[in-house]
């Protein structure tokens, strides 16, 4: 069992997963399944963004869905109303979310914990209200139609589902690759140090503001990337893209998969998207299950599927070393209690 | 001139409702340091419970209000016991996410039973008073008077009863409260119950001049958060004053500036204030 | 090495630290004692730049650091530990320590994207530094274990190692021996002595365990109600009537 499990996390397993993703359109029963998978990938990219600021840096950003919508609307409006073609608008969407992320970041990240969460909740809502009410620019509740699809430079046609699927997959692979590299780098460790505590991080010479803003901008850019891809895929967007519900959905994906882990956002998103898909009746009432699930997760498995699995594997590998280590382990279980009674 | 006074009445009405919701939120925050994102869902459940008692069971408005208060208080205590209590030693991000989980669950439950339609709930106070051209619907008067009575009752409870005194003691110093032997669990449950009662009263008072629907708590809770940040998280007078500020800003802003953007006013105000004073408007200096 | 002149910090109308002047010499162990609420932790927070003083000056090797934020102070060589250190529980001891050397590195986002030579070099040096610190505190054998799985005492040692990985000149230790048993306390005293003897560090600690302080410290400063009431060798402080009064007269658990 252990051997099998540890195989799942080896690099080979990651290539296997990639191979499966590449072959998926060939084995999928119909085009709709490919479409669902592409949607799941798009959300996964956004969830990776949330993972940077919330998972690594420890700041609960409730405006994440808002930045997703900004990415989608930037691309949508530029192509539908201003006659831009897809790729320039795509780059503009990334720049827009990065710049707005920077501006929101330098204000909101001065606030600690609860204040930051509440502030970003309000920012998310302002974004929603602006999209809904600023009809001259956004068309309000009517939404944006006729959004351009990405052009394939004469080689591929991205208006087809399958080519678009591969496009999204490519961005997803890049997103995960970067996340993996970030998490192991000094920069990623800096973010984690901030999650451990502001004061401790500062005592280690870490400039809080600079690093938090950087993490925030990275996260909003991920959200913008996902939003832009989403707009290019569905070609029709409305104010509902900025609904706070999407942020809550993404938090659920992140928590189920494993907050602060590399594969967690992907596993959580794909898992839940497919579960909701296959249980259609759940669509409207899914929160009756996912709401309590969130609560149970933070109480019993705060690190989600991936995190719990990694912890279990690490313990297992430690336990496999015979003799000495086991003795220490026994001591460890006694020690904290003694320490408490001493204090 | 009358139009102006009309807006004052509107501001008072809104401020009363916001103040009541913010009071519950600030009490819970002051004692447990939890930003209870599920508080808006409690407010929403409060409205639906009253609707259920009145429309489905044919109860009188006052009876429905009392019944709703009891149900929501129990629900709030249940949340404390089952969710927030087990999480009291967790990192701060966990109880926020758990609160969001509760919010999503309650909304989905209500939606399952009643659907997502907008519903109307009428109260027996449909009359309109006319003071020399100044028109005040009875319900609005009831809201203002009701909020006043509730705030006074809460003050009396906190100042004059033993339980109230322990709540205040714990809000001021959690560690100190433990030292003098206050039963922290009891205080926590009590506080959640009070916050639930206030939310249910606010919802039942406001529902007749508004609509009842599963998402009705969203805006209210967000504004309540703005209010308690303005007034200082954990401060009771702050919640009332903050509620009035937001209520008036909305009523006057909606009338003189733009109705479609009136909901943005509160959030714009928050963004503005926190940008200049990250610790809030009335908060004491850092310690 | 560290010179504090007329340092005062007001919170609201109350002086948490009131007109304290003191000098800590290089390569000495300096202890700060005093009843609870005497302003000891605030004093540390002022030196490390966590709080800005209301008035007074702080000089580190002659350089004025009074108004510097804490991350800059740390870069100038002031390391510190806290009463409780939040670490990443589900990561190994070594992984938790690598970030300690971050302040001596410069790699940014771009280095991460292209996996630059500089990043690789700096990551290696940070890892080496972490191992070195781990060896210094005697924890090499748990390097691969999760923080969640090590003892309370080992956690405290990890916190020391983290501070050491920043390459400090002076370390501020906030109650390093709180919550550990007498035997382990002796081990910590030896570790602090080793920091001075082998690394030439200046140590400054807040502590309640009097027997440890009396045998360990070169110099003791006594704070009471934010004011310095005495200063000197353990012997001098022990016999100072003002100190005895403060401890016996106050509401303090001086027994420790």
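Letters A, B and C mark the chains in the order given here, with residues in each chain numbered from 1 onward.
Going forward, a contact is a pair of C-beta atoms (placed from the backbone, for glycine too) under 8 Å apart; a residue touches a chain by one contact, two chains touch by 3 or more.
In this text, all values refer to a predicted model and were calculated from it rather than measured experimentally.
Novice: Quick check on this structure: which chain has its C-alpha centroid closest to the centroid of all protein C-alpha atoms?
Specialist: Taking the mean of C-alpha atoms per chain, the most central one is A.
Novice: Please identify which chain has its centre, taken as the mean of its CA atoms, farthest from the centre of subunit B.
Specialist: The chain lying farthest from subunit B is C.
Novice: Go ahead and note the Å separation of the Cα centroids belonging to subunit A and subunit B.
Specialist: About 32 Å separates the centre of subunit A from that of subunit B.
Novice: Just curious, how far off is subunit C from subunit A if you go by their C-alpha centres, in Å?
Specialist: 38
Novice: When the centre of a chain is set as the mean of its C-alpha atoms, what distance in Å lies between subunit B and subunit C?
Specialist: 45
Novice: Which residues of subunit C touch subunit A in their complex?
Specialist: Subunit C reaches subunit A through residues 48-50, 69-72, 74-75, 79-80, 82, 85-88, 90-92, 95, 98-100, 102-103, 105, 107-109, 111-113, 115, 119, 122-123, 126, 142, 144-146, 149-153, 162-163, 166, 178-181.
Novice: What residues of subunit A sit close enough to touch subunit B in their complex?
Specialist: It comes out as residues 54, 58, 60, 107-108, 110-111, 113-115, 117-119, 121-123, 125-126, 129-130, 133, 244, 248, 251, 255, 284-288, 290-295, 298-299, 302.
Novice: Please name which positions on subunit A make contact with subunit C in the complex.
Specialist: Within the complex, subunit A contacts subunit C at residues 178, 181-182, 185-190, 192-193, 195-197, 199-200, 202-208, 214, 218, 303, 307, 310-311, 314-315, 318, 328-329, 331-332, 335-336, 338-340, 342-343.
Novice: What does subunit B use to touch subunit A in their complex?
Specialist: Where subunit B meets subunit A, its residues are 29, 33, 35, 37, 82-83, 86-87, 90-98, 100-109, 111-112, 218, 222, 225-226, 229, 233, 260-261, 263-264, 267-268, 270-271, 274-275, 278.
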